[in-house]
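Next, two complexes with chain A in common: one pairs it with chain B, the other with chain C.
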Partner chain A sequence: MASKSTTGLFLRGFISTPKPRCSARPYHSYTHPPPPGPFTPVETAILSASLPHIPTHGFTHTTLSLGAKDASYIDASTNLFPRGAFSIVHYHLVTQRAALSKHKHILETSSQPGAKPPGIGAKVKALVWERLMANKGVIHRWQEALALMAQPSNIPTSISELSSLSDEIWFLAGDTSVDSSWYTKRASLATIYASTELFMTTDKSPDYSKTREFMDRRFEDSRVLGTVVGSVAEWVGFTAHAGLNVMRSKGVRV
Partner chain B sequence: MAMAMASKPAIRSFLRSTKFPCPYASVTARHFAHTPFRAESRPNAQPTNHERTTHFGFETVAEAEKEARVAGVFSNVATSYDTMNDFMSLGIHRLWKDYFVRSINPGSSSSSPPSSGWKMLDIAGGTGDIAFRLLDHCTNINNSPSSTITISDINPDMLAEGRKRSLSTSYAHSPRLSFLLANAEDLHTVPSNSIDLYTVAFGIRNFTNKDAALREAYRVLKPGGLFACLEFSGVTNPLLDAVYKRWSFGAIPLIGQLVAGDRASYQYLVESIEEFPKQEEFRNMIQTAGFVVPGKGWEDLTAGIAAIHKGIKPVEKS
Partner chain C sequence: MALYSCGRSTLLAAHIPVYDFLAPSLINITRSTRSVRHLSTSAASNAQDASSNTPGSDAQSHPKRPSKPLTQAQRDFLTSALRVNQAGELAATLIYAAQTPPIVKAHPHLRPLMKHMYDQEAGHFDTFNSLLAKHRIRPTAMYPLWTVAASALGWGTALLGREAAMACTEAVETEIGDHYNGQLRYLLDMIEGMESRGEVIGEDLRELVGTIRRIRDEELEHLDHAVENDAKKAVPHELLTGVIRAGCKGAIWISEKV
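Right after this comes the complex of A and B.
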């Protein structure tokens, strides 16, 4: 079940989950205490103080420096972040991913008695939307963040954050697949999320309704594509099987 | 004391006969790659059981003696310092130093109007090559003409050389530049919590008590202040390391003997590099002194021949 990366494990700790019946040998990641995140306490202090400066100063060294000042550090302390402004981006990604597990109204299946519990697909969509809305305050600066994430030295972290986010959403939605769809689900969700996020940076519509429509279309595409792929696979399987049987009926030893 | 780069002692032989007495006169000539042997037959300075000892290259000497012997090495090389560094490192030490200063980004300020600038302390900075770079970066890149630096060195000859060189820079006689003759293990003239940036480039290797120097750095730095150290370190790639060891233990003392007629000083140089703690160990020493380190704590330069170590003095939670 899910959880490849340590960051994934880190987040699992926040989730209230049923205790396993036999807890002598904890197996699932959520039965373990959360490992420390990628940021030390001092880094967290400076980075969290930097966040309020992003809307004004963007994802820049100035923001980092102002955050350090607010945390009663000095300009020289920004040397704590060898990757400079990218650390703010990374911090934003990690904390917003962690915050997803707090959306109880989406995660709890029986919120209203009698109401039909939302399916996994609906939960995934709702979680993606919540994550996108978490970018609302910095969306006018988000292209700076995307530029930083696309720098070659930062790409491994960016990609791993994206895949952790995708994994996190599927996990929180309650996906328990153990076949190859585990990978395709995460890959397609990552694609949908990344493209919708990019769309959102240029969206000026009220309440991001255009982004919402865009996201819905991407999910629909993905569903249609999934259906088509499934149908094609079924047809290929049937044809191959039939062909084999025809050969057997002609006496070929296969 | 400053950067004991590979080179300094070369000039010694020229000077020996003229100006300075050589502290090595009694040391027997050292031979190619025979350090274990030499360690057994310690030439002089047999420490008694009561004395605290330290390394001088591969030799074990009394702590009290190391300072004097290191002083001897640097007194003799002060005037030819950079020339010899260039000769030995093929100019790469300049790239390291430039990168070191650039990565620190001294003088940066987020407040407007700019704050009072950074207060910097360059330890073992005798000839000033790090200090002038830091000031240049403050002035030209970060527009911080109010940043100041104090060049500190234990060795008056190195400081005199720095003073002389400062005359040819725009910082001559300016209040931005001051000199301090002090032992880095005891900076009592520098008030606690007063420094933004403490740098030591190619110097800490020669300190008798490195932990004491780190504690002193921690004391003088402001909360949030930066400790930055550029020093020779361990080559990470085993193959490269073999080549590098071959070069440093074989060629460097040989060049010293041929060019300067002084094998012993060159031998000290390469041995002191070898004796200096490797990346992880030195990082742990920095952490033990109370600093928090960024990331893994160091950055390798040229495959680890040198490394930049940094530490931030954390702000006490009130």
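Right after this comes the complex of A and C.
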């Protein structure tokens, strides 16, 4: 798995759906059990034991060794992870993405009668916020993770994780569009998430209120841009149809 | 099924050594009954036939859940198959939508047929849209391109006249029929292989086989309609159908990939 996705071309991650086993995207079956995740049980044991050490030791090899020790494996077992500390980052990304589906209070429509159910947009926003808050414990170390993610050999996995996260959020929010907007929605959400996450690493305000405002502004920008593009497209379509119908009414055989 | 229409004419030619339109209607009785079609869009009966043909559909009686995940190859196949089917139905809806105004203006008697074919295609498109959303499959990246190309194809052939429009339908539906048959063959092989290994097959796979079977039959019905409406009389018939079929093949190939 590791060699497959690291040697994958950088562009591949953009153009085709990358083939990592971690991606939930290809043919999500409801009757067959899901395919195994990207980590073996041993790897999962070591990585999950590493997580408590992140706040003190960061996304480093030390954390990985401490995790191996805690999971009662020998130090050399960190050789299981040819990508070293990036494996912790990857594990964090995968587990936190999977944890999103547990936020039932967002996903389920409110039980109070008469209350307006939250729209897809509101759900998306709430899920993005929950995902950002999942980084709260490690946010002072998160720039190390961003540096690891930006290393050339790790970029395909990072991009694929970001797009999986974006896909997961739209799916959980109940979006069912399968036209070109599938791409624009995921791309814009990925941009919003990545920029807000970067903003959050420098945010010292209580309860991350500045981050919240930043995120709201990004969503608003994206909404305005979407409305403008949509209106222009609608106008062009309407004018073309009207023109064609005028020609038909004049007897032109079109 | 794709061979059905040509099979019928060769059969007739074998028995009656004259052009079939010269034969008295008594002999041609099979043809006249067939040409009276009721244009109903709901094909529930077809769907039921299809599901009863599915091998091992008795699995419904014991609702055991499948224990093994689908392999990467199987999921890759299902992903690209559903994606290309959605792209194809998108194109088909747009072709008929673009063909309808010029054709109906010149030949008002074709209005019910065009509407019927459009309605069926719109139903297929909805089916695949919901399947894509349900199974979290990425739609084709060529979506805008296919939109433009299909509308242009439908409109262009409609301007060339009724025969050309019908030749377009003939070419497209021949390709699509072959394409769906290929998918069905693969799916049935896959199900057979899984059954022989003793794996339980998910309900969604069985349903998919039924759905594709029903849609395939409806597409081939359109092919018969096109041939009945003088598709073969389009002037450069070979050229027109050849180009359109090559275009379809290319589009299918691309949509399977991206």
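A few comments on the model shown:
Operating definition for what follows: the second predicted complex is superposed on the first by the 205 of 254 C-alpha atoms of A that agree within 3 Å, B and C clash if a C-alpha of one lies under 4 Å from a C-alpha of the other, contacts with A are read in each partner's own complex, and residues count from 1 in each chain.
By our rule, a contact is a pair of C-beta atoms (placed from the backbone, for glycine too) under 8 Å apart; a residue touches a chain by one contact, two chains touch by 3 or more.
Quantities reported herein were computed from a predicted structural model and do not represent experimental measurements.
When both complexes are overlaid on chain A, the residue A:Phe171 reaches chain C alone and has no touch with chain B.
Shared-chain residue A:Ser48: touches no atom of chain B or chain C. Applying the stated contact rule after C-alpha superposition, one finds that A:Arg253 touches chain C and leaves chain B untouched. By the document's definition of touching, neither partner reaches A:Thr201: not chain B, not chain C.
Judged by the touch definition given at the top, the superposed model places A:Ser222 against neither chain B nor chain C. Legend: residue contacts after superposition of the two complexes on their common chain; A:Gln96 is shown touching neither chain B nor chain C. When chain A is checked against chain B and against chain C, the one touching more of its residues turns out to be C. Of the two partner chains placed by the overlay, only chain C lies in contact with A:Asp179; chain B stays clear of it. Contacts of A:Thr191 after superposition on the shared chain: neither chain B nor chain C is touched. On chain A, the surface touched by chain B in one complex and the surface touched by chain C in the other have no residue in common. Against chain B, the residues of chain A that register as touching in their complex are 40, 42, 61-62, 65-66, 68-69, 71-82.
Contacts from chain B toward chain A in the complex involve residues 103-106, 108-111, 115, 118, 196-197, 222-226, 228, 292, 294-295, 299, 310, 312, 314-315. Put simply, chain C touches chain A in their complex at residues 65-70, 72, 74-76, 78-79, 82, 86, 101-102, 105-106, 129-130, 132-139, 141, 143-144, 155, 159, 202-205, 257-258. Only residues 15-17, 19, 21, 24-36, 167, 171, 176-180, 182-183, 248, 253-254 of chain A touch chain C when the two sit together in their complex.
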